[in-house]
Structure formats: C-alpha cells, structure tokens
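Starting off with a structure, shown below.
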C-alpha cells in the first residue's frame, strides 16, 4: 500500500484529458458495532482510474472486491477516505453547488431493475426529474425531451412508455428507463453497476449493446462494473480486475482475457463458464476472498495464489508492466534484479 | 386495543427480492377489488363519522333537556325515548348522538397528531441514521415502555377545567403517549427503503434530501402511515373513553365515556339499567371493530401473503409440501 | 453478548427516565395546583407530615431542586416511596397489599393469553384456510375493543344478566351462609377464583386476539421460507415442519411482545376499575381521585419497572432463541 | 395443444435404466378462473446417473417443473395432469418399484423424499434453518429415515458428510449465519447426499455464488456424482454452465420443453431457434469479438400467451404456421442420439435455416427431418 511509489492510472489510454479521473482513491469504512470501534473495512485501496470519453472501462471482480464501492466513490455518493476526483481535469469541489453540478455530469445505473424505479411514480416522472433539475426545459419541451430520451433507449413509442408505471414494465424495459434517466442529466460519464446481472439472459445483450451505442453516439465515458468477465470482454475497451479492494491487473479487454498475467485474473478466467473449452477446467487457486477488516499482508491474493513466494507475503507488489498497455500487480512480473534485491 | 402486526414489521424489514418473479404466488390482478374486510370496516367507520358530523344536529333533544318527570330512576326505552333516560331524565339517545362528536373528534385528532409525530420521528431516524437515529429510537422505546394511560391520568386530572374540556389539548396529550408505535414501524420501513436503488438513483441525479424523503420515501410508506394512523385512532378512542369513564376528563358536551361514567357512578349495572351503559359501550366497540377491520385490510395490502385464504377454494386443499393434483377430467367434471 | 449489554443499558436508562419523570410530575403541575392540593389536606394529616410533604415537593423548601432530586432518587432506590396521604400509611405498605392481586390476575391472564394466543396462531397459520383460521377475523372484534369496554360487556352479560359471576370485588367479605377467613382455605379461595374469572377472561380475550393474529401472520410469512419447505422435502413428519416454522415465527412475536406489554398492562389495569378489583389499578384510580401523589408516584414507578422487566425478559428470551442475535462482533 | 403422452418409453436407445419418467406434466397457478398455466405437457426420461440440465429464463417454468415433480410446489400451484414415475430401488441391484409421485399420499412421499430423491435449493441462506445448528440439520434426516442409527453414528455420518464437501468437523456446532455463502451451499449439498439418494434436484444451486466458488462447488459435485452415481436435474438460467456440466439439456420456454438433446449436440447444432438464441446470448471468452444480438423482445407473461408457438413473436424464422398452431415435441429421426424439438421448421419438407440445420457432432449428415412421428399421440 504505502510502498506503491508511483500511482499507475488504469483505464483506456486516450489522448487528452479524460472525462473523469480518479486519483488514488481509498475508502475505509469504519466499523461501528461495540468492540470493533476504530477498526475499518479496507474497501477500496489506492485506485487510480481514468475514464476518457467514448470508451468503456470494465471493472471485474467477485463480490467484496470493492468494485461497487469504487463506482459509488465515483458518483460522489460516498466520500473517499483519501484521493480525489477530477472532472475534465479539474478537481471536483465539495460545496453543495459543485456537488449538484457534478450530478449532471456523472450518473450511476444500478443493478436491480426491480428496485431502481420508484413504484409510486410513472416512467414520465422518473425521466422528468433529472430534466427539471439540470435543464431549463419546461412544459411541452420537457415532454418532448422525455419521449425522445425513452426512444433513444429503444422504448417505442415513447409517449406510451412515459405513461406507464414501473410494475407494468419488464426487467429489461425498467433497466432501459433507468438508463434513460441517466441520460437525462446529460452526463459525460455513465457508471453502470452490474446493469445486466439481474436481467434475463436473452435480453442482456440488448442492454449491453445499448451501452455500446451510447458510447459512440453520446461520447460517453462508461464504467461497466461486473462479475462476468465474458461480458466485460464483449463490451469494454479496457478491463480492470479488482481483488480485495485493490486493482490487480488492467489492460485492453481482449489482451486481459487472452493472456492474463496476474494469477487472480487467471483464476477468474479458469472459473468462468466457457463452452468452447475442450476439457474440464483446472481451477487455478483455491479458497475464498479475505476479510477486508484484516486483509493479508503484502499481496492480498497471496494466501490463495498457487505461485506465492516469500516476498508476496511481505510487500505489496506495485503495478508492473505486463504487456502493451497492460499492468499487473504481481511479484512474478518483477524484473529479476528487483526480486533479487528484495530477497537480499 | 390492537397492536401493530409483527408480520408487517417483518415485511418491512425484508422486502425479499424475488430472483424469479415469474411464479405468480399472488397475481396483481386480483388486488383490484378491496378485501371485504376493508368494505365492511369502511362502512362501519363511515357510519360513525357521519354520526359524529351530523348526529348532534339530528339529536331530538339537547344535552340538558330533561324528560318531563320528577322520577329519580332511569326510564327504560320507549317509543319516544328510544334509549330511555338516565337518572337525571336526560334523553340517552340524544346523549349518544351528541357524545359521538367529541369522542370521535378526539380519537381522530389524537391519531392525526400522533401520525405527524411518528412520521417525523420515524422517517428522520430511519433516513438520517447515526446519532439522530440512536437518540430518536431510544426516545420512542422509552415512550413505548411507559404506561401511557396512567401517566395521562396523572397529567390531565390536575389540569384547569377549561383545558380538560379543550379537545385539542386532550388530543395532543393522548397523541404524545401514542406516537411511538408508528414511529418504530416507520423507522424500520424507512431503513429498508433508504437502501433501495431508486433512492440511491435520486441522490445520484442530485435530488435534495428533503425532496427524497417527501417524494421518494413517504409515498411508499403510505400503507404503513395509514395503518399507524388507524392504530392510534383506536388507541385514542380507548384512552379518551377511559379517561372520561374514570372521570378524569369531563367534557361539557359529553361523550360516550361520560355516559359510561354516569352509569358506573350510579351502579347502573347492579340495578339492571342496561340501556344506560350498553349503547355507548357497543358504540365504542363498533367503532373499534370498524377501524380494526380497515387495518386488517391494509395489512393484507402491505403483505398480501397473510390474506386469509378461503377454505377449499375450488375444492382444492393446499398443504405445504403436498402439491395438490387435480386432473383435467375432474376439472371438467366441475365445470359441468 | 454485546446486544444484551446494550439492551440492559437501555432499560437502566429507561428506568432512570421513569424515575426522573416521576420526580417532576408533581412539580410540573400547572400553577399552584399542588399548593391547593396540600391545602385541602390540611386537617387530614399532621402538620409534621404536611411539612414533610411540602419539603418532598419543593414547596417552601430551602433545599435546591437538585438536592431534592438526589434525596428523591436515594429514597426511591431504597424502596422508600413516601407516605400515602389518603391512606395514612407508607406507599410501600399499600403496594404490598395490592400487588399480589394485580400480579395474580393480570400477570397470569397476560401470560396465559400470550401462550394460548401463540399456540392458536401457530395452528391457524399452519392450517391456513382451516377452521381455526376462519375464526381469526372474528378476533378482530376483541382486538379492537378497549379492555374496559369488553370488561363492561362481559360484566353486563355474565354478571348482571346471567348472574353467573359476581359483578365486582376480589372476594366476598361476608355472606349469609359462609364466613370467609382470608387465607388458604377453600371457601375463601373459591370466592377469589370466582371473582377473578370475569376480569381474567376480559384480559385474556382482549389481548389474545393480538397474539393470534400476529403469530398467524408471522407463521404464514415464515412458511414461505425455504427452510420450512426443506423440512418437508426431507420427509420429516409434518409436526416437525410446523415446529421449525413456529420456532422461527415466534422470534418477531417476542419482539412484538415488548412493544405491546405496556399497552396490555395499562389496559388490564383499567379492567380492575371496571370490576372493582382490589389491585394496583383500582388503587391508582382512587389515588387520582384523592390526589394522593405519593401513592400515584409509587404505582407509576412500580408499573413502569414491571413493564421494563417484562421487556428485559422478552429480550433475554429473544437472545436465547435466536443465535443470530448472539453473534460476536 | 398436443395430446398427453401415454406410452412408456419413446426412445429406448440408451441401455441405462430410467430413474424418473415424467409424462405430460401440466401445472397451473391458481384454480378456476384465476388459473394460469405455468407448465404445459412436459415429458422426459431421466436415467440413472444422468445429469439433465434444465435451462430457461425466468418464468419459463423450470423451477415450477422441478417443484411439481417433487410435489413441493407451493400454493397456489396445482398439478393438473400427467404422471411422474419414480423408479425406486430399495437396495443396489435390488428390485425396482415404480411409484407415481402424483398418486402418492403424504406417507408414501415422506418415505421417498430425501431417501431416494433430495433437493438442493437456490439459496442456502434461506434453505438452512437459521436457528438450528448445522449438526442437527444434518442428523435430523438420519434420525427420521434411519431410526436404528445410534446418536454417535449419526454424528459420525454428519462429520463424514461435511468432510465430503471439504468442511471440517468443527463447523458442526456452527449456525448457518456463521458460514460463508459457499460453505452454506456445501452444507446443503452434503445434506442432500446424506442418504445417498438416486436423484438430486438442484434449483440454481450456485447462482448466488461468486464464479470461483461456483466452480469449486460444481467440481466437487461432479466428483461426488462420479463416486456415488446419483442422477441430477440441474436447473439454471446459465446455459453456458450447463454445456460443460450436463449430459442432456432440456430447454424450456413459456412453460414448455422446446428442445431436448445431448449437451454436445445442443452446443454444436441447436435445432430450436430459441436454443440458438440462448446459445448466442453468451459472449465468448476467446476469439474475435463479434457483435451479438441476443433475442429481441421479452418472454411472454403467463397471462398473455401468444397463439401458436409461444416463441414465434421473438423468432426470426417464424412463418404463418407458427402463429396459428402450436408445435409439439417431436423426435428427429435422423439424429444419432435421442433429441427432440418442438418447432415447425423441422416438420415436413421444409429446409431449416442453416444455423438450425447443422449436422450433429460426429455425423456427416445434416439434421434429419421428422416425418410427423410424434413421441406421443400427436399424429
């Protein structure tokens, strides 16, 4: 942690200033129950991430890897313990006004389509609220914009859908409404936390393809948080793999899945269902993720790692180059000199 | 007196997300018609509300009217005096009509004030959380543990007479001892709603906290607010009638409780003057019943699972772990 | 165990709040109401007692409020609740005489109602749509009617009309045929029991409906849980599946018990007034009538503490029954 | 709707003996006018030791089917037709008794349940009694079904069972909430195997788990199956998982079986457009990234079923007949292995689209066409 000298910024490499950049975000949740005061959950540890426009960055990890916390940190819903956010290169302020301005640039689409819309309100209400908050549109213009947004997420005809209530919609339609609400603020950045994991298999691709279109047509920077590495590969430009609150590997999507360098990424890939795999998969590693209250020393993956070395237990590996635009935080990738130095 | 249903609290605490919502355990379409309980309960309640509104106007006699007799014993009901008279020869039917107003007014007033209090406390505690929650929760728990009625007796009895007759003061005092039940249920439900994705989404689009509470959370609390309102009205009714019955409060306009107090202090039961105490007692019981039926209905709307299943629906007996088999032939036989 | 410690802490706090409230109640009286009260007592009690009371309530007192407060707390903790002005005996003596009646009647009836109601609720929920379940809506009547109204109705029907039971009191003091001697003898005990039937029935009927409905609804909710279905899938006997459901369903019911206990107790205390039953409730009524503040305070305190202790017991039962609440941090 | 299948075995190709025969099973939710049909006319045969994957989306009726087979479906579920024959074998190699589970009474069912037919539920979190220790939940079945067993033996067996799924004996005294999600599901599996049943139904047993844990548990499960030889009905929405796991796969849509085939055949050469659509809904982990579309539209609700083939509104190959008549599950006689499909594209002289007419793996011939040879009394 402390040894990470230079923060490597993960995310798609593009020219210019990224739409949203996170610098060394750390989040420790304090424990509140009796007898645990003073201890913290190390949910996100020193993550730097750049989200350039017109790109999709996938954050992949198991539950408890800190990927959802990272997405919420990026919305500003929760305050980081340390680190900062930069929107178009300038730091994001904390005043109520700046906070509100930020909400018009960054939106979050959540996992559960059955709870992301308020059953008490119509679809129209859901789309109009952000428009009223962040634009000057009123009256007929407001209605026209609402319909347009619904149709932009393929809910045709928009006027019909506007009048419906959430319980009249299918899961996929609800998720599209949630995305349309996100678009209504006119965001630069769309964060999606497991947006398809609760949808039927046959309609997941439709929603993923919608994200792909929005990246192109709306110049959006999209963060796609998922546990499904295959869908990350399908949609994203860059995959960032998180484990126990830390980024363990990042790089171009196909590169990560075709030649994973970090043992954890290899484990994830070996566990993922893959019908094209000829023989039964050999699981690379065992055990389950560690407690984030008392994370393992050194590399947090070392207790499960089939290649663990003494150094892994002692020191946190820095992100090391593992290919073109690919980095992995693993001592296996350390040049021999460094390893020798650490051994000596 | 009724108590807030634990199943309701459980439903509030566990809005179990159904991964496979397909199996229609309870279809929405059947919800359109309100349960019979709501209809009956609503009708009873409406009847008494109308009585409270218009009864005093329709009463054949005023509260101070006395039957033209020098008799010192109560008269049994007759064709002209439907419910007979008390020992002072007041017309009990008129007293019943007139007394309905103050009785229901205070019950509903207490319910309304207590509901406002419980929404304010419960939703604040649930949504804001942290220290505010700790303090407000401890406060409501203490109020739950205190014997409200006894404290009311002590607080109200030494009040100056004008205050004792003031509906608002009485309603307020009753409300102060009864808001905690609703607050607890509302806090639990708010806590459950606070983490819902639509609340998070509202924060993400930049809604202000007060708007989130009022427009995102409160609409979804309405069934529980309604349930806790009815609960406190029942409670207020009981407490107010009790206070009148004990003679702690004696409203000048009279109430059902005052009638019972008169009957009690004149040993009406021992003397067999049933027409004196039976009508007000039944009236209180009926209002309570009507409200309780309404609350039953609301509970079933909040948690459709608890709906009372009709026995042998379609001749099929459902039993956990033994799915019934009804062959098509048998069903056709039914159709014929 | 941290949960239990927290709960005990809360009850200590609540008890302290109740004691403090008790201290302030006479001092909160509007105007010089207390003064007036004390004035009316002149002649009924000795001047020394009057002076003592005046000191106790801070009238003409040289003691500061804070000092009075600590004196009061000290007295309360040592069981000294003061001196009843209407009965001319220490409050603790009065309470000692009344409490057995109340505990015997209301305690028994409340516990009985809880056990019986829970049992009926379990069966009604398990055999949903069955005969017992069909009776549940009827219980709405008893659930909604204030205790004392129900008491009145029972009194009218079974006491005044049918003459099955006496219409008041805790026992017959005299009778044409029998001379009663208080104590463990049959004539006296049977009289006590006979007098207890209607008030006890009132408390049971009025409170049982709540337990039935609550338990039934919790049962139905719990039966939707997979682990109950698993019990069936395992081929366990049906009563085992029902026991598993009931075992889990009773947990929220116990929490609910803590919510309702003060309602039940206050409601039941009113029943004593209706039946002229010689317990704490009737005493409270009389004390209010005769503005006997020391007695009022004593009763309030005892009832509050009883409710808190019942709550603590319920919490304790909950912690024993639910391993999840025992989770070490 | 096709007529109910009555003959005993339509495809007696496999020498292995059947453990479960489901014939024309129909399930409704509700009774009378409120009733909706959730499962329609499902027939299949499961052989000893076979892993049958039951795949479908939410609302396809896959879980309903499983619960109906075991008679564990909750109210207002009602079985409205069909037979479920369970072939009960009292001892290894012993005589087989054929029991119709739908005719069985509570007593008979209680004797079969868990002894021969156990079940793993979707969420172990909810399937384990939160207030009972793991030990008592493992031993209560032994107590019930092996009344002669001594307490010490029951305990030893519980330790053995936990060991089988890689849990140490010290966890016996634990409560479910003290275990991780993966451990709870392992306990559930150990419990299901306590009496060495011949059939285990698994309803999305790993859906709630992380991918690594899921893989570990499935690996263990498959090893146990090798050793103990029980048959499995594995229900999931994750077809890609089933392809690795199952011998045979049954695809369900809108309460009907639309295709039943060997896993390898289905993967390489799906015959039903819905199977094809599902297969192409899972992005690949390797190879070129190509744009995929999934299946347009959404599954129908039980209350508003389209006429004809239930899939036709979403089917890219639908033609007139599809919206008018409902196809029934027909055997494809050209197939090497038993496979059945309910689709008009494969009936008569029509040449199915290329994607639906690929040859079965290991054969040169294209998909055979049915000559209206129904499994049941369709013709």
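Which chain is which? They are A, B, C and D, in the order written, and residues in each are numbered from 1.
Basically, a contact is a pair of C-beta atoms (placed from the backbone, for glycine too) under 8 Å apart; a residue touches a chain by one contact, two chains touch by 3 or more.
For reference, the UniProt names are A = ABC transporter ATP-binding protein; B, C = ABC transporter permease.
All values derive from a computational prediction rather than experimental measurement.
Undergrad: By number of C-beta pairs in contact, which chain pair leads?
TA: The chain pair with the largest number of C-beta contacts is B-C.
Undergrad: Taking each chain's centre as the average of its Cα atoms, which chain lies closest to the overall Cα centroid?
TA: The most central chain here turns out to be B.
Undergrad: Can you give the whole-Å distance between the Cα centres of subunit A and subunit C (ABC transporter permease)?
TA: 56
Undergrad: Report the inter-chain centroid distance for subunit A and subunit B (ABC transporter permease) in whole angstrom, where each centroid is the mean of the CA atoms.
TA: So the centroids are 49 Å from each other.
Undergrad: Indicate the whole-number Å distance between the mean C-alpha point of subunit B (ABC transporter permease) and the mean C-alpha point of subunit C (ABC transporter permease).
TA: Inter-chain centre distance comes to 22 Å.
Undergrad: Do you know which subunit B (ABC transporter permease) residues sit against two or more other chains?
TA: In subunit B (ABC transporter permease), 19, 21, 309, 313, 318, 320-322 touch at least two other chains.
Undergrad: Residues of subunit C (ABC transporter permease) that touch two or more other chains: which are they?
TA: Answer for subunit C (ABC transporter permease), listing residues that touch two or more other chains: 224, 229, 231-233, 238.
Undergrad: Which subunit D residues sit where two or more other chains touch them?
TA: 58, 72, 74, 106, 109, 122
Undergrad: Going by the contact rule at the top, pick out the subunit D residues touching subunit B (ABC transporter permease) in the complex.
TA: Spelled out, the residues of subunit D in touch with subunit B (ABC transporter permease) are 26, 29-32, 34, 36, 38, 58-61, 63-64, 67-68, 71-81, 102-103, 106, 109, 122, 204, 207, 302-303.
Undergrad: Please name which positions on subunit A make contact with subunit D in the complex.
TA: Touching subunit D from subunit A are residues 62-63, 170-173, 200-206, 209, 227-231, 233-234, 253-254, 257-258, 267-277, 280-281, 283, 285-286, 288-289.
Undergrad: Any idea which subunit B (ABC transporter permease) residues touch subunit D in the complex?
TA: Residues in contact with subunit D: 19-25, 27, 29-30, 309, 313-316, 318-328, 331.
Undergrad: Touching residues of subunit D toward subunit A in the complex: what are they?
TA: These residues of subunit D touch subunit A: 57-58, 180, 182, 210-216, 219, 237-241, 243-244, 267, 277-278, 281-287, 289, 291-296, 298-299.
Undergrad: So in the complex, the part of subunit C (ABC transporter permease) that touches subunit B (ABC transporter permease) is made up of which residues?
TA: Contacts found on subunit C (ABC transporter permease): 10, 13-14, 17-18, 21, 25, 28-31, 33-34, 37, 126, 128-131, 133-134, 136-137, 140-141, 143-150, 152-153, 155-156, 159-161, 167, 206, 209-210, 213-214, 216-218, 220-221, 223-224, 228-229, 231-233, 238, 241, 252-253, 255-256, 258-260, 262-263, 265-267, 269-270, 273-274, 284-285, 288-289, 291, 296, 299-300, 303-304, 307-308, 311.
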